[in-house]
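Naming follows writing order (A, B, C and D), and every chain is counted from residue 1.
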Amino acid sequence: MSEMLKVAVLGARGRMGTAAVAAIEGAPDMELVAALGRSDPLDTLVEKGAQVVVDLTVPTSTEANVRFAVEHGIHAVVGTTGWDAARLASLEKLLAGRPETGVLIAPNFALGSVLATRFAQQAARYFDSVEIIELHHPRKVDAPSGTALRTAQLVAKARADAGVPAAPDATETTLVGARGARVSGIPVHSVRLAGLVAHQEVLLGSEGEQLTIRHDSFNHDSFMPGVLLGVRTVSNRPGLTVGLDGYLDLEG
Amino acid sequence: MSEMLKVAVLGARGRMGTAAVAAIEGAPDMELVAALGRSDPLDTLVEKGAQVVVDLTVPTSTEANVRFAVEHGIHAVVGTTGWDAARLASLEKLLAGRPETGVLIAPNFALGSVLATRFAQQAARYFDSVEIIELHHPRKVDAPSGTALRTAQLVAKARADAGVPAAPDATETTLVGARGARVSGIPVHSVRLAGLVAHQEVLLGSEGEQLTIRHDSFNHDSFMPGVLLGVRTVSNRPGLTVGLDGYLDLEG
Amino acid sequence: MSEMLKVAVLGARGRMGTAAVAAIEGAPDMELVAALGRSDPLDTLVEKGAQVVVDLTVPTSTEANVRFAVEHGIHAVVGTTGWDAARLASLEKLLAGRPETGVLIAPNFALGSVLATRFAQQAARYFDSVEIIELHHPRKVDAPSGTALRTAQLVAKARADAGVPAAPDATETTLVGARGARVSGIPVHSVRLAGLVAHQEVLLGSEGEQLTIRHDSFNHDSFMPGVLLGVRTVSNRPGLTVGLDGYLDLEG
Amino acid sequence: MSEMLKVAVLGARGRMGTAAVAAIEGAPDMELVAALGRSDPLDTLVEKGAQVVVDLTVPTSTEANVRFAVEHGIHAVVGTTGWDAARLASLEKLLAGRPETGVLIAPNFALGSVLATRFAQQAARYFDSVEIIELHHPRKVDAPSGTALRTAQLVAKARADAGVPAAPDATETTLVGARGARVSGIPVHSVRLAGLVAHQEVLLGSEGEQLTIRHDSFNHDSFMPGVLLGVRTVSNRPGLTVGLDGYLDLEG
């Protein structure tokens, strides 16, 4: 067996961080060399010889963390939000001078969710109709969900690029809201139901057939396989990758 | 084996009528004695000795047909729409003088749909949240469907009668339509998708669990078992019954 | 507002017991007067004036607990297994001398699951075909699940009582197991999938239509509404009731 | 607008052929130049100037039909079964001498089904568990379905290639058949239900999440978009292509 991969976690006391620490400790090919909280010095990463750092901190500190890692030749897997175009451009410039170092910035580590979005996008041009139903717990404050908005936009773009006409719809009389919200022309329906966690269905239909792509997220453990995949892959993908789907092998 | 039940069909050339004629001819305990179209005389029912007549005509002729049947002691199973409160009251008065004759007026003969609505109504008071998703072919002109409207109203009444508070919903920011139409306070979502026929899901949720009642109608054959059940039962149910669920034995 | 209902929990340190304690403390119409573990004396129930006791202990102690309660005029809601015919008969004899005291023994407190089984049973006679799919986490040691076995038996009995013929099935060539296990003649399919908790679908079909009744249990919180319903109802149902469905109002 | 594509159908009197004739006549970019039955001469294809021929005949005549087309520079889209390795090798040799001519041999023209299989195959390596449920009308004589067998084999191969261990399964006591049939190690469950047509679900699960890919085939119209896609694409894909997925653009 080859040597263990030395991994550090930043934001190790948060909910995601705690789960990541446990997942890395449980991975047979990884060694957790540091689990740092807010006030711990970044120099520890160098002292402990970390090869990959997992950043699960907050928008105000993630950029400095990642830049420190890249400057010290440590690959980074980043689940923190707050990376706008300016930050990404600045990071790419830094990485240009560090051609051997890789950074993955992923807004979503749930493999199933990433795959579901990709499949919906690929299938969208081959069907007459597409609609999205997302279902969440009733404590959620926004509707539709961010994932549903993004899925609708990607699906709409795929259909536009392929020249697919608008889905047929003969609705004449309707109650306000019955046909959902329109996101880039795609109907999106948001269900809020006690007992649920986070679920999404993309329904695609043509005469005589239906294709349904459904993802259910039951708890936060669902993010860990994606984090581990990122940690295992990042050293072989120099430069900046945005989105976990860039690491997936979908050649089938 | 007992004698065959003598059954006649009115509106026998229409789509539903044609299917009913075939179903009755295929039933081992029934004999089709008449299959009448628009211009055929009702006296034929008497001449042929019909015991039960199935009316699948049009709103303008159904009342006269049923009154003729009752006046001649023939039981009636009616799938035609157009029976408002005045017509029903008038029919009940007529039936009061014919205590041995039964009439079933059913807006929906799909057993599965009738059962799904009943179950949703029974379960509604036991869950924190209820929402309805109905899915139809894109040639449908109204949204929500009539069945969804009726289901929402019955569900809402069951919850009100049991004193159930409104479902929790923390939504603060939303796109118009995302949370569906409100029908008696119940969110109803209408999907229109090429390839579909007629489908409905009632989702009920409480902390930790979900109950889903789904009905799929794939084609019009789904109405025939309900029609046959009506024909077999009507002679044992004197007076007026509205709704096929009145004939179902749900004591289980 | 009326007085609070005084409730005690036996087995209060177990997983179910801990959840029950929290649920009772959170109920606006209940006061938790005792939360007893294995070695705590039952006399505490009397001292604290408990009106209802919730027994969530183990098969070896549940009978003595319930008998103690009944002898002291305390109603009992029992979620512990181990009540065979002999124990039930003995308890009924004891209750005969205590006509004002009620006991509910419920193998399943998940309202959704209880309703799903009841609805499947009621609908079974109205469809040509019925099959059951149950889906659980892969740590489960038995297949099919106990709930699926019981559902299949009840469904089969309902069909037999109504004289429904066997479901059509033209299968000639098959791999062993493809068509599931036969439980009282009903095909039952058991899925074991990482990520799942406890789920069951009853599929009912006739020409042109399908009715699906699905229950999802996401976590143990799903049992608490049923426990609270039992606590609130037991004092109005003297004698022995087996099964939470005996407390449900399904007249809708 | 460019010129119309001249298309001929062989096997035009069969069920699939009849549907193909209608679909081609309805396509705005195609002209149906011949619709031939069993005894019609193939020379008609040349006389009418067919550019693409759709073969929907029988295993005993499809090879001769396709060879005739290729020899006359006519592209062919083939839905007939019976193409074994020897026939395919012989056809490839013929095509080598006709580098401008394309042939598509597709066992399945339902776009949704082809996509569902592809997606299942791509996702299989990223989840701990995979199971397949296929649901069909009760007149089907084989279980599992051919599509389910093929999906299971492709899914199993994808997991083996990626070194994924067997799915977890703690089942100790089981009724025969409950856990389905094993196809290359993947559990496959076959439901036969009155009212259904042809449906398949691939369930993929890991800790905390589930991905479900479902395809519903409601009637034979579902094959026509795939046939039209084949007709439109075949002239740009010289040589032999097996499987409609070879024509799909899944780069998304």
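Definition applied: a residue touches a chain if its C-beta (ideal position, glycine included) is under 8 Å from a C-beta of that chain, and two chains touch if they have at least 3 such contacts.
Heads up on the chains, UniProt names are A, B, C, D = 4-hydroxy-tetrahydrodipicolinate reductase.
These figures come from a predicted structure and were not determined experimentally.
Here the repeat of B-D among A-C, B-C or A-D is A-C, since over half of its contact pairs match by residue number.
Among the other chains, B has the CA centre that is most remote from the centre of chain A. Judged by contacting C-beta pairs, the busier of the interfaces C-D and A-C is C-D.
As a whole-number value, the distance joining the C-alpha centres of chain B and chain C reads 33 Å. Chain geometry summary: the mean Cα position of chain C and that of chain D are 46 Å apart. The centroid of the Cα atoms in chain A and the matching centroid in chain C are 40 Å apart. Counting partner chains per residue, chain D shows two or more touched chains at residues 127, 195-196, 204, 206-210, 216, 218, 222.
Interface of chain A with chain C (complex): residues 195-197, 216, 218, 222. By the touch criterion given at the top, residues 110-113, 115-116, 118-119, 121-123, 125-127, 158, 162, 204, 206-225, 229, 248-252 of chain D touch chain A in their complex. Chain D contributes residues 127-129, 131, 133, 135, 138-144, 167-183, 187-196, 203-210 to its touches with chain C in the complex.
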